[in-house]
Amino acid sequence: MYYFKNDYSEITHPDIMKALSLHLNDQYEGYGLDRASKSAIQKIQSFLQHDPSEIYFLEGGTQTNKVAISSFLRPHEAVISVETGHIFVHETGAIENTGHKVVTVKGINGKITIDEIQAVLDFHSDEHMVKPKLVYLSQSTEIGTIYHQEELLSISKFCRQHDLYLFVDGARLGSALTAKDNDITLSDLAKWTDAFYIGATKNGGLFGEALVINNPILQQDMRHLIKQQGAMLAKGFVLGIQFDTLFTNNLFFDLAKIANDRAQTIRDELDRRNTKWFVETTTNQLFPIFTAQELAVLESQFGFYRWAEVSPGQFAVRLVTSFATPQSAVDDFVKALQSL
Amino acid sequence: MYYFKNDYSEITHPDIMKALSLHLNDQYEGYGLDRASKSAIQKIQSFLQHDPSEIYFLEGGTQTNKVAISSFLRPHEAVISVETGHIFVHETGAIENTGHKVVTVKGINGKITIDEIQAVLDFHSDEHMVKPKLVYLSQSTEIGTIYHQEELLSISKFCRQHDLYLFVDGARLGSALTAKDNDITLSDLAKWTDAFYIGATKNGGLFGEALVINNPILQQDMRHLIKQQGAMLAKGFVLGIQFDTLFTNNLFFDLAKIANDRAQTIRDELDRRNTKWFVETTTNQLFPIFTAQELAVLESQFGFYRWAEVSPGQFAVRLVTSFATPQSAVDDFVKALQSL
Amino acid sequence: MYYFKNDYSEITHPDIMKALSLHLNDQYEGYGLDRASKSAIQKIQSFLQHDPSEIYFLEGGTQTNKVAISSFLRPHEAVISVETGHIFVHETGAIENTGHKVVTVKGINGKITIDEIQAVLDFHSDEHMVKPKLVYLSQSTEIGTIYHQEELLSISKFCRQHDLYLFVDGARLGSALTAKDNDITLSDLAKWTDAFYIGATKNGGLFGEALVINNPILQQDMRHLIKQQGAMLAKGFVLGIQFDTLFTNNLFFDLAKIANDRAQTIRDELDRRNTKWFVETTTNQLFPIFTAQELAVLESQFGFYRWAEVSPGQFAVRLVTSFATPQSAVDDFVKALQSL
Amino acid sequence: MYYFKNDYSEITHPDIMKALSLHLNDQYEGYGLDRASKSAIQKIQSFLQHDPSEIYFLEGGTQTNKVAISSFLRPHEAVISVETGHIFVHETGAIENTGHKVVTVKGINGKITIDEIQAVLDFHSDEHMVKPKLVYLSQSTEIGTIYHQEELLSISKFCRQHDLYLFVDGARLGSALTAKDNDITLSDLAKWTDAFYIGATKNGGLFGEALVINNPILQQDMRHLIKQQGAMLAKGFVLGIQFDTLFTNNLFFDLAKIANDRAQTIRDELDRRNTKWFVETTTNQLFPIFTAQELAVLESQFGFYRWAEVSPGQFAVRLVTSFATPQSAVDDFVKALQSL
């Protein structure tokens, strides 16, 4: 049975495996100070076009959120996030574990709005409340939508006017950057955010996220802070080699595009059938709504998550494609849809 | 130039790389619930011969120490460690970052003694002081020595009598278990400790530590606690496949034995030359003492760390071998020694 | 101008000041081990009629919430509270600062319901989410309402069935216990909750809260945990003398009753005038709704907080009476109302 | 029996009790924003003669250390203290509980030296170790000694040159400032330190410490941080009135002088008898060495702590005098000495 459950179900792309296998007997410096990591950083920097940025390779998304946020904030400072934010719902309180409250707003289609941020600032008026200091958002969001240039730039400006940090969770950044309606570049992110990360775990890597810190104030002693959080890999070159490969010949973008294309095949068929959407997306996550009867058929042939019962007997599901999803799998899914 | 700096300088053993490469297109369950992890657990369990034990795969040593200790202790409870302990010196305060004090004792040859533990208990007499609750030791130790059966068993008994947890850092456990004078088994560790871990990072893996929790009370909700610490790898099967390979056909032990054998070649020559030792070991770390003149020669041909200036002009150095150290490298080192 | 802003605006009741003044030259044991604290504990115990309970004197409400909750929970465990809960809104993230998430529900009239608790348990289904473990409620609540016997007892039963701790914030417990419709005793609280506290700060003391821990498991090492949180007063007898006085001749209840009676005088007049209520209460906090015009008159003569604009031009305000509110002040307020 | 155990055994000085009793029916602003606190601040400021300084009133020494240090430091930054420092030994890991390691040095006569600080900086050379950032010292020290102008000023200069904060625990600052050999003023402390505090708990107050923060960078959002630590007293005016009284007509200094004078009476007799000292002091703590036989006599008549067995049968004890120690008590002690 093929699973559309996740984009982290397959080991890694063959190019990465090959790169790791090439020099098995070489010796590397430890803790990310090796030549592969340096090369990877240089390659990513060439996309950022933003001299002040610094790059650190970490192991996973929750870890990167935890390391970044706990390093950036003083004890009384809080995060603002939509209530569907990964840090609020699916990280077992990793942020609160470091002492910081996550203040939530509803969001629209998984995206935070300036009005909501303003309302949070207005509400937190004195020292009996936490001080909101960092806006956290995900690109793409937890429900597969993306911020467009106009949105992200205005949030960025708002944050700078109000002395807020802007931090972008990029666990699925590849999928966002290669969405058909995307108008944001890595270089934009470097200029508009204080920090963001580039996820490899969900885009063809074995594991790994590249944390990019653009605000020099927030870079201070980051290697201390990464080590303290247990997030400094002894064999940092295992991360370096992966990112070096991903940012050679556009592999990172190509893999994300494959995932998006596979999703598009399914999306097209669903649109043709006038299937209703829980939320409309252009990335590698799809949230169509099915009846119980339709679900019975689909679930007998494919694995995927039920997301929400949107009305009695109407179920939103989540379908996720990846760099490794074969065309045959989406073709089979389309056929299954056509058989309904 | 060949480096005897570390046992985590090379990527991984070919068998592991091959195992990872075999099924690149397969889909696995996420977060360590996959078939490879289950198989690896079963294989390790067959060595433990201790039904209550549970096994969790984590990414690195500092992370494992941090996850385990912060999960096991209440806020006012403290760790007892020798002052050379990795958690005290080389983890950027990762334990204190989770709120716990590390109380230190001198130790003898890097090893903690019952008398020292007793003295700590005696000193911490009331509620104005932390409550020592967990004895942390490393096998092999930071300076390459190992605890023998009699030592470890008596510490274990002492801990149980005094309501202390015993936790063994096994970042270099392989080297200890295969040392020529070792008389402790994985099964002993399962029976005598509350928790310990089996390090792959420093014994041929890409990365990874297998945390074994033997005390059922300490197992409760560990997956929550691992996730909260940002230590639950999305592609947990990358760890599972590695440990599954390491515990197939004794690879784990064979690799450790190679590292030890390589060290022994150097040790034999040093003993033949009556070189003085900073501390005598039987594992893959050597701490000979050289003159400045000898150092000048050796450092021009090999990389290694200076450890301490033991007396004016007399320097202890640390030489580390690994699963990947070629025989030729140690032969070259022996030659260099003979040329002094 | 008289202020109905708070119940902690006046120093203390004369009986307490007198008790503190009586033996200025006596020497007491430090850190709460003195004879006055022991006497106070004995007197409170006589109300609890619950042998397992232990009592600790702390300095303030936020501190008591912080000490208790951080001591009771493991790192991944979370608190369930109504979203108006003091810990969620007005303690600058003190609970999150100790690492624990506060999960909120709407509540009805400031009170948590079993259905809401059940929904939280249902939602937190796996290790990617925190584990709800402690139900926090306030008696009286942040908006002056009280739980009745049937409500509290059923919450208590629910918590025990679901392995949840029940912790009651009693910063204004006196006012609740002496409300005209109250049907709960201190002894009920001792039997039905795992811990609660008896607030003196808002009921005539200089400062101080008596934390009562009824669940023996949660009592373990509490003095260590109090000290660690900087909450163990060197001159603990200053707290002991206060509570000893408050629980002599029913002073604690008499003072609370005065505050309630003063509020009732105003409540009666407002009911006579058919003033609408933001929420109806029977304790020392009143939440009437006034027009802007009425407010202009009242605010020129009295101090109090605006709570919320419930509809355009309609403002809920909060009026708080205390043990020290003179009858003349409430009479003046009634006159002002009559002049509207 | 009279106890020379502590300087926090008696309630408070009558002037403070009187000041608290004067206006029992007045209403005050909450949370330290009241007129009494403002007046107290103004009076203390007049001693500081240092415009940038800000003052916050807290409840106790451990709490003040915890609030200050946790507010000043980033997660990976550590404290340097002598190993007899209160924060290291007698605060149940309160500092570590906030995530920060306390790095210790031996000290000389309870005082830290520049050479020791330099050695700590030298040792902590990379990101695998915490970053020492704050020098903590006590004036007077845990063993009653005091830093002189030359010492403190050179430590201050060293700290500024090395980007270290200097924080002075002043739980017994009164006794230091009034010691016969003292040459440091409150104004010096304001200029030379980043923060220090003025203890009232151990110098005649009911409770309370005035935290003085001289470095504007460290003042930012302190009220948030105090509240978050559960250290913001609702009735802040209870602290304000005490400090206002203590800094009126030199009461603070007069009380400390009394304690010192009482100690001097005993010291003179001990010196006359050529009693050996564990450490020589000029403040309200004395550490003479007695034989077991002498102890038997003294302990039958007075209460005090045994400090250490300095050699077989030779015991150092600690005698502490306070603002409330009657002359008769020290006269009796002198008589007892003369009877030995």
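When the chains are written out, they are named A, B, C and D in that same order, and each has its own residue count from 1.
Note that in this section contacts are C-beta pairs under 8 Å (C-beta built on N, C-alpha and C of every residue); 3 or more make two chains touch, one makes a residue touch a chain.
Quick caveat, the model's predicted, so the values are computed rather than measured.
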Report task. Return the chain whose centre of C-alpha atoms lies at maximal distance from the corresponding centre of chain C. Result -> B
Query raised in the report: Once you count every C-beta pair in contact for both, which comes out on top, C-D or A-D?
Result: C-D
Query - Whole-Å separation of chain centres (CA-atom averages), chain A against chain C - result: 43
Query raised in the report: When the centre of a chain is set as the mean of its C-alpha atoms, what distance in Å lies between chain C and chain D?
Result: 34
**Report entry** Separation of chain A from chain D, taking each centre as the mean of its C-alpha atoms, in whole Å
**Finding:** 50
Report summary line: Touching two or more other chains in chain B are residues 75-76, 91-93, 97-99, 127-128, 130, 224-225, 227-228, 232
Report task. Over in the complex, which chain A residues touch chain D? Could you list them? Result -> 31, 70-71, 74-76, 98-99, 127-128, 130-131, 221, 223-228, 232
Query raised in the report: Where on chain D is chain B touching in the complex?
Result: 75-76, 78, 89-93, 96-101, 127-130
Query raised in the report: Which residues of chain D touch chain C in the complex?
Result: 2-3, 5-6, 8-14, 17, 20-21, 23-30, 59-67, 91-94, 97, 201-202, 206-207, 224-225, 227-235, 237-238, 241, 324, 326
